[in-house]
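Please read through the structure below; I'll follow up with questions.
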């Protein structure tokens, strides 16, 4: 069945990098997902704070999950991220997606990342291309 | 000595995540760096292609390295990336930076990522904030 | 007096281009503004829809107004806009700002543009540099 | 005939706003254009420098012209601009486009804006959606 939950489960099970990040799926529904992960010391950069690529990667996974829930395969095209607050080792990050628009061929999402104190640490905006291929999950 | 090379070596030695990515430093000079890395299977996403966070992370490391070569500590503020071509398992990526502008407090870089066939796979634009703290490396 | 309202009035009175656009100030408070304008036929592009530069310009004015309300002179550094819906001749646009973050030296705003049907037509994200110069308005 | 030149001429002739801006077409070829304009006093903002919307608008016109030269109707989706140098009243701006990528459904352009001293004043990155409609110009 191609429910939003099944599509996201399928994507996650096959997503070695999101597993390395330790991403947990908190909630999934049509056009939406909420994800969580904990920062580990192998995710730090030369300033001993979390590498910008970690928040970006969490947001990019949220973009993939949220955009694919509609049942069409979607590919990320153009994304931007603003880093607002430093993220420290041990911080627990939550990514929440919001679908800003969706047309036949493209869709736009805003993904906000919070730390464990509900402080916003990054804003991510992502545009996906919606292919004509439908998800077909048999299991 | 605070040469561009020493600053980048220091940053790299302390950057656990760039080491996990397997980044190699090819060339460093004032306002510039060239980096390389090979994609491994733990960097793939649910579509079995390279997760967008990997190219972003390579570019973000290049941004940190290039912007810090001037001797002032710089922090990434706003970045965007356009994914042009899919990156496959085993691909070898090269990131090349170009300094587009530099003022007292901010600087802007364009970072292009190529695959082993010299095809452009991603364009990254990054703005950094240039703090008033100087690098002081004693070794 | 350097109230948010006075600063925005001063900026607006001297802003020939925002006046050409026909921008009206609906509401101003610390870190916030709401603006309105009506699209005229000299704002259309070769497809006979509103030129993307018009929505951008409205949002960029909102960015300038909102960021300067804190009493420090702010300059736009990096902005991006996603065009969601076509804007037609005669449409009435409203821009609403949201301050996403503010540090000593930089601040980030999300500006949403709606048409007269309360449909979102564009999302704009802008980063400003906060100079050390204070506003001093004597009148 | 649907030559790049004819398509751009058609777009320009119908583009009231680009005419208001005083844009001149310097060169057009497949996937490329070079445009010029002079800043007038009605384009200034409340700081008495050129409103950010003016450079954006010039770049956005260049994006429309360059992307439509291939003969398919293209629509701007996601654009970003970094303002590098202030632009003054009377400055003469030149926009030069570079096609970074082009697939069946989307294309990406980098547009650089120079002033009369060949200084770079802004960098613009734009993604367009390539519709399935062909240009058909009869004249």
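We just call them A, B, C and D in the order they show up, numbering each chain from 1.
Everything that follows uses one rule, which is that a contact is a pair of C-beta atoms (placed from the backbone, for glycine too) under 8 Å apart; a residue touches a chain by one contact, two chains touch by 3 or more.
Source: prediction; values computed, not measured.
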Open item on the list: According to the touch definition, list the chains common to the neighbour sets of chain A and chain D.
Closed with: B, C
Task: Pair joined by more contacting C-beta pairs (B-C or A-C) - done: A-C
Open item on the list: Farthest chain from chain A, going by the mean of C-alpha atoms per chain?
Closed with: D
Open item on the list: Based only on mean CA positions, could you tell me how far chain C sits from chain D in angstrom?
Closed with: 22
TODO: Could you please state the distance in Å, as a whole number, between where the Cα atoms of chain A are centred and where those of chain C are centred?
DONE: 29
- [ ] Could you tell me the distance, in whole angstrom, between the mean C-alpha positions of chain B and chain C?
- [x] 33
Open item on the list: Which positions in chain A are in touch with at least two other chains?
Closed with: 77-78, 80, 82, 108, 127
Open item on the list: Quick check on the complex: what are the chain A residues that touch chain C?
Closed with: 80, 82, 84-85, 100-101, 108, 110, 120, 123, 125, 127
Open item on the list: Under the definition above, what is the set of chain B residues touching chain A in their complex?
Closed with: 10-18, 20, 41-48, 51-54, 56-58, 60-61, 64, 73, 75-83
TODO: Note which residues of chain A are touching chain D in the complex, please.
DONE: 77-78, 80, 105-106, 108, 127, 129
